[in-house]
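These are the structures in question, set out in turn.
In the two assemblies presented below, chain A is common to both, partnered first by chain B and then by chain C.
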Partner chain A sequence: MSGRHDFTRLLRAEWTKFRTVLGWVITMVLAAAAVVLLGLFSASGSHASCGAGPVEIDCPEPPLGPEGQAVSDKFFFVHQPLQGDGSITVRVTSMTGQIRLPDLTPGVRRVAPGVVPWAKAGVIVKDGMRQGSAYAALMVTGRHGVRMQHNYTHDVAGRPGGVSKKDPRWLRLTRSGDTLTGDESADGRRWSTVGTVRLAGLSDTVEIGLFATSPCDLLVKQGDFGGSIGQCRFTEATADFDQVSLQGRTSGDAWRQDDVGVTEAPDGAPHHPGRFERSGGTFTVTGVGDIAPHVEGESIESTLTGVLAGLVVVVVVAVLFVTAEYRRGLIRTTLLASPRRGRALAAKAVVIAAVTFVTGLAAACVVVPVGTRILRANGNYILPVSLLTEVRVVVGFAALLAAAAVLALALGALFRRGAAAVAAAIALILVPYLLATTSVLPVGAAQWLVRLTPAAGFAIQQSIPEYPYMTGHYAPSAGYYPLPPWGGLAVTCAYAAIALAAAIVLLRRRDA
Partner chain B sequence: MRRELHAEWTKLRTSQGAGWLLLALVALTVAASAAAVATVSCPPEGCGHDAPRLSLAGVQLGQAVVAVMAVLMISGEYGTGMIRTTLTAMPRRMTVLAAKAAILTGLTLAAGTVAVLGCVLTGRLILPGNGFVPAHGQALVSLADGPTLRAACGSVLYLALVALLSLGVATAVRDSATAIGVVFGLLYAFSVLPFMVADPDWQTLLWRISPMNAGLAVQVTTNVSGLPLSPWAGLGVLAAWAGFALLGGGLLLRRRDA
Partner chain C sequence: MRATIEVNDVRKRFGSTVALDGMSFTVEPGQVTGFVGPNGAGKSTTMRVILGLDAADSGSALIGGRPYRSLRSPLLHVGALLDAGALQPSRSARNHLLWLAHSQGLTAGRVDEVIERAGLGQVARRKAGGFSLGMRQRLGIAAALLGDPPVIILDEPFNGLDPDGIVWMREFLGELAGQGRAVLVSSHLMSELQDTAAHVVVVGRGRVIADTSVARLLAEVSGDRVTLRSTAPQEAARVLEQAGATVAAVDRDTLTVSGLPAERVVTLLGRYAVPFSEVTAHRATLEEAYMNLTRNAVEYRATTGQESAR
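Entry: the complex of A and B
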C-alpha cells in the first residue's frame, strides 16, 4: 500500500472519529456561535457620538487619503496656485512652539514652550485644497530632523538635527510633471536630495507654499483596572521662513492663507486657530494639527471579542480528541491499525486543524462584516483598511485558532491527561496575552511576552500598522504588536510544530 | 461527616499528584510575582504603581494550579471510576461533596498562605531595588499596613474561592479537560472581555460580574474609590460564583447517575 494512500486512510479514520462524537461537533458549533455572539454583543453595546453644543451628533469622519486610509490633514497653509512645473525654495531659521501641560488644578491651563518630536514645518505641494488630497512635503521636524513625506504614509529621513538662526535649513521642493523632488541645504549653495516621489495623477494646477502643524502631545497613564489610557494635549508649532522664492507660473507675491481642517467650535469660531504674519521677507507660520495617518476609531478586529472564548473551547476539544482515546483505551486500537504512530498523530493534527480552521473562518466571516456594520450604525468610526487586510484578519483569526488547536492536541498527546494538557495550553497561549494586554506590566515586558510566547499569534488580528513617523501608544494593550502579523502567527505555529514533533517522538517511544 | 472527611483526606494524602500540585502552587505564585516585580521600576519623580498588588500578581498564575487541583479532586474519580466506589461507600452525596470542599479549602488556605507570604516577601526584597522606596513616594510593602494586610488575606481567600468554584464546575461537568476549560474560560477569558468592549457602561458591568476582575479587587490598595466595586464586595462576587457552582454541581451530583 502506498504511503500517500495510507495517510488518506488515516485522515478518513480520524475524521470519522471526530464527526461521530456528537459532543465535539456540537461544541465546535458552540465555539463558532460564541465568537459570533460575543462579537455582535460587544458591537451592539458600543455607541459613539460627539457633542455639538447641547446636542449629540454623529462624529465627523476623518478624510480619506489617496491610498484609501483615514488621514489627519490639518495644518496652517500659506500658499498660491502653481500651474505646470515649478519650485519653491525657503530658509527655515527657527522652530518654536508651546505644549499644554497636565492640569495641576482642574481647569487652570498651564502651557510650556517647546515643540513635540513630530511637529512639522516646511514646504508643501498639494493637489488642491481638499483635505486628504495627494501631497508631497519637505519639512523640518521637532526632533526628527529634515523629512520628506508624501501621501500621509510615506516618509524619508534627511539630515538630523534641529534648526536655529545659526544653523538654518534651506528646503527646496521641485515639481516636474507628477514627480516631486525635495532638496535640502545648510547654506543655500551645496544642495543634497532628500527624496524623489511620484504623485500619480497630480493635477496641472497645484497649491504650493509654506505650512506648519503640530500633533497633540501624548501622555500615557496606567489605567485603574490595568491596561493604559492615552491623553492627548494641545500643542502648536511656529516656524520662521525667509529667502522665500518661487519658480514657475504662480501668482507672484499674492499669498493666500488657509487653516486647513481647523476644528470649529459650536458657534463656528475656529478652535485653536493657526496664524500667519509677514514682516518684510520673513514669513512666520503657526499651525496646529497633523498631516499623517489617522488612527483614532474602531478597528475591524474589535469585532473579534470572542476570540478568547473560542480559543478555550477549541483547546478543550483538541485535547479531548487525543486524551479521550487514552481514557477509553481506543488508542491501542488506533496504534494497532496504524503501527506508524507518528502518522496517526499527524493525521489527528491535520483533522483538528482543518475542523478548527473551517469553524473559525465561518465565525469570522460572519462576525467581522456584520459586527463592523453594527458598530457603524451605532455611530462608531471604523478605520478603513484594504480588502487584503480584511481578508488577512479573517483568515488569520481562523489560522490562529487552528495553530492553537494543534498545540493543544500535541500537549494532550504529551501529557495524556486532559486536565494537565488544557491547563498547559491555556497557560501558554491565553495567560501571556492577558498579562500583556490587561495587566500592570510595563510596555517593554508586555511586548516581550507577545514576541516570545505562543500569544504572539494574536498579532495576525492587528489591522492598523504601527507608523514609525507618528507618535502613538504602540503597546499590546492598545492592539499594537511588536511582531508583524504573519511573523507573530509563525511564532505560534512554530510552538505547535515543536510540540507536535515532541509528541510524535514520545508516542513512538512510549508504551501506549 | 467525619467519616467522609477522613476518607477524602486519605484519598488525597495517598494520591501522587496532590503534593506536587501544592508545591507547584507555591513555587509558581512566588516565581510569577518575582518576575512581575522585577520588570517594574519606579523613577524618582514617582509612579502610579500599586506595590502590594504588583507583589501579589503571581496569584493570577497560581490560581491555575489551584483550579487544576480542585478539578482533579473530583473528575479524577470520574476518570478512574473511583467515584462509584466512593458513592457506594458514602451514599450521602452532598456530604461527600462538602467533605471534598472542606479538605480542598483547608489545603488551599494553607498552601495559599505560604504562597502569599512568599509574594509579600518577594515584593519587600525586590521592589526597593527598583526604585520603590519612600523617597519616590512608595512605602515598603508591609503586612503592618492595613490595606496591604487586607490584600494579602484577601488573596488567600481568593485562591480558596477559586478552588471551590473549580470543584463545583468539575462536579457539574465531570470530565477533567472540559472542567479546566470552563474554569479557565470563566477566569481568564472573561477577565479580558471588559477591556474589549468600547462602551463604558458595559465595561463596568462586565468588570463587576467577571470572577477574576472582581475577585482580585481585593488586592488593590491605591485609588480604591476608583474601582467599580469595593475590594470585599469584589471578593463577594467570586464567592457568589463559587456558591452557585457548588450548589449546581451538588444538585447534579445528587440527581444524576454516577
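Entry: the complex of A and C
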C-alpha cells in the first residue's frame, strides 16, 4: 500500500477525531465569531468627521493615482502644454527652505532655515492638471540626491549630494511617445541617464515644467507611558533654476503657474501658498506639499482587531487537540493505529491547520468587507488597495492563524501538558506582538521583535507598504512591519515547522 | 502472517529500575495464553514493547515475525486493549471506533458490527465519558476486534467487569481462540484465567518464572498428594511408607500421603486391611499453583538480592 494512501487515512482519522468533539467545533466557531464581532464592533465605534469652520462636512478624500492608490499631489507648478514629443532642460543652482519649529510661546511662530530630506524640486511631465494624474519627474531632493520618480510609487536614485551654485545639477526630462527619460549632468556636457519609464496611455498633450514641493517635518516622540506622539510641522522648499530650455511644440516663453492641490483656509484664501518669481533667466519656485503616496486613513486590516482573541482561542484548541490525548492516554491508541509516529503527528498538524485556515478565512471574508463598509459609512477614509492585496490580507490572516495553530499543536506535543503549551504559545506569538505594537518599546526593539519572533507573521496583514522614498513613522505600532508580508509569515511558518519537527523527533524517541 | 507473538530476551530499564530482565516467551495461535504475575512484574511493559509503544533496550518482540512498528494497517494484524480509560470523554463510543476505523481504511459498517459484537448497541451514541469501567472494557474489546486481527492482546480485561461480564469475557476469549487467533491476556489474578487460558506465562520481576500449559502446571503443583483419614494411622503410615510414599501426620486421624496416586493408596490399604474412612486426591487450583510459583520467585529474588549486595 502506498504511503500517500496511508497518510490520507490518517488525515481522515484525525479529521474524524476533531469533528466528533463538539466542544472543539463550537470553540472554533466562537473563534470566528469573536474575530467578526470584535472587528465590526470596533468599526462601528470608529467615526471621522471634518469641520469647515463651524460646519461639519464629509472629510475630503485624497486623489487616486494611476495605479489606484491614494496619493498626495500637492506642489507648485510652473508649466506649459507640450504637444507630442519634446524635452525640458534646466540647471538647479540652489535648494533652500524653512522649517517651522515647535512653539516656545503659544501662538508665536518660530521658523528655521533648512530643507527636509524629501523636499523635492525639478522638472516634471504630467498628464494634465488633475490631481492624481500620471507623471514622471526628475528632481533634486533635500538629502537624497537626484531622483527620478513616476506615478507616486516608483523611485530611482541618481547622483547623491545636494546642490549649490558651485555644485549645480543639470536635469533633462525627455518625452518620446509614452516613454520618459531622465538625464542628469554636473556640467551640462556629460550626461548620464537616471531612468527611463513608460507612462501607459499618456495623452498627446501633457503639461511640462518646473516644480517644487516639501512635505511636513515629521517628529515622533515616545510617550512617557508608552504610545507615541507624532507632529508634522510645516515646511517649504525653494529652488533656483536657470538655463531653462524647452524643445518640442510648446507655448514658448508663456509660463503658467498653479499651486496644485493647495488647501484653502475657511476664508477661502490659500493656506501655506507656494510662489514663483522670475528674474531674467532665473526661475525661483517655492512649494509646499508632496508628490507621493497618501497613507493617512484607515487601512483594511484595521477591521481585523479580533485577531488577538481569535488567535488565543485557536491556540487553545490546537493545544488541546494533542494534549487531551496525552491526558487520557489516548495517544497510545493513536500510535497503535499509526506506529509511524511522525506521520501521525503530521496528520494532526495538517488537520488543525486546515480547520483553522477555513475558520480564519470565513471570519476574514466577512469582517473585512463588512467592516470596511461600516468604517466608510462612519465617515472614515479607507486607503484603497488592489484586489490582490485585499485577497492577500484575508488569506494571509487565515494562514497566520493556521501557522499559529500548528506551532501551538507542536508545543502541545512537546510539553504534553495543556497549560504549559498554551502559555508557551502565547509567550511566543502574542506577547512579542503586544510588546511591539503597543509602543512600550523603542521602535528599533519593536522591529526586531516582529522580525525574529513568531509574531513576524502579523506582517501579512499590512496592506499599505512602507515607502522608502517617503518620511513616515514606520513602526510596528503604526502597522508597519520590517519584513515583507510573505516574509513575515514565512518566519512564523518556520517556527511552526521547527517546533513540529522537534515534536516529531521527541515523539519518535520517547516511550509512549 | 503467522498468528504468533515472540518475545526474545527483552530488557528494559526505566532509569535505575529494571522493568524487563530478559523476558522471553512465545504465544501460539488457537489458544488463550494467560500472562500472569504480581503488579509491577512487567506485564504491561512487555505488552507496550510488543506493541511498539515502548522501545526495548535489547532483545526483540515480534508479531508474526515482524516488529509492530513495521506493520502497515497494524490494527488488521493486532488488536490490543491496554487501558480502557484511554478515551476522549466527550466523544461517543461509535465515533471513537469510527476514527480508529478510518485510520485503517475500514468502513463505518465494520464499526457497527463490532459494536454489536461487544454488546454496546444501546450505548454506542452516548459519550464515552459516562461509561462504567465495564462498558469501557467492552468498548476497548470492540476496538481490538475492529480490524479482525489474528493476534489479540488484552491487558487486564476482567478489571471492572461484573460477574456477568466476567462470564461473557471468558466465553468471548474462548471463542476468539477457537477461531485460531493467538490471544494474550494479562491478569494479576490467576483465578480469572481459570477455565479460560490453556497456557500460562507466569512472570515476576521482569522475567518468566513459568511458561507451561495449565494442565501441566496444575499437575506439578498438585503432585500426588492424597489426604487419608484412618482410625489406624500408624499402621497406614507403615504400609504406605513401605510402598515408597512419604507420609506426614496432620492430626490424630489424618495423614497426608505424597508419592503415590490415590488409587494405589486405596489398593494398598485394602490389601493390608487397614481401615480408612476417606481418601481424597488433592487437586490444586490455578491460584495455588500461582501462589506457589510466585512464592518461589520471591525467595529466589531474596537470594539474588543478597548476592548482589555482596
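Methods note: the second predicted complex is superposed on the first by the 507 of 512 C-alpha atoms of A that agree within 3 Å, B and C clash if a C-alpha of one lies under 4 Å from a C-alpha of the other, contacts with A are read in each partner's own complex, and residues count from 1 in each chain.
In this text, a residue touches a chain if its C-beta (ideal position, glycine included) is under 8 Å from a C-beta of that chain, and two chains touch if they have at least 3 such contacts.
If you're wondering where the values come from, they're calculated on a predicted model, not measured in any experiment.
In the superposed model, A:Arg9 lies in contact with chain C only, and not with chain B. Which of chain B and chain C touches more residues of chain A is settled by the count: it is B.
When both complexes are overlaid on chain A, the residue A:Arg332 reaches chain C alone and has no touch with chain B. Looking at the shared chain after the overlay, A:Gln149 reaches neither chain B nor chain C. Contacts of A:Leu22 after superposition on the shared chain: chain C is touched, whereas chain B is not.
Once the two complexes are laid over each other on the shared chain, residue contacts for A:Thr235 go to neither chain B nor chain C. By the touch criterion stated above, A:Val312 is placed in contact with chain B alone, chain C being left untouched.
Common to the chain B and chain C contact sets on chain A is no residue at all. On the chain C side of its complex with chain A, the touching residues are 48, 51-55, 68-75, 80, 82-83, 85-92, 95-96, 98-100, 102-105, 143.
Listed in rising order, the residues of chain A touching chain C in the complex are 1, 5-6, 9-10, 12-14, 16-17, 20-23, 324-325, 328-330, 332-333, 335-340, 511-512. Residue ranges on chain B touching chain A, taken from their complex, read 36, 39-41, 48-50, 53-54, 57, 60-61, 64, 67-68, 71-72, 75, 79, 175-181, 184-185, 188-189, 191-199, 201-202, 207, 213, 223, 226-228. Those residues of chain A that touch chain B in the complex are listed here as 38, 42, 45-48, 221-222, 224-227, 298, 302, 305, 308-309, 311-313, 315-316, 319-320, 323, 327, 380, 412, 417-423, 426-427, 430-431, 433-435, 437-442, 444-445, 477.
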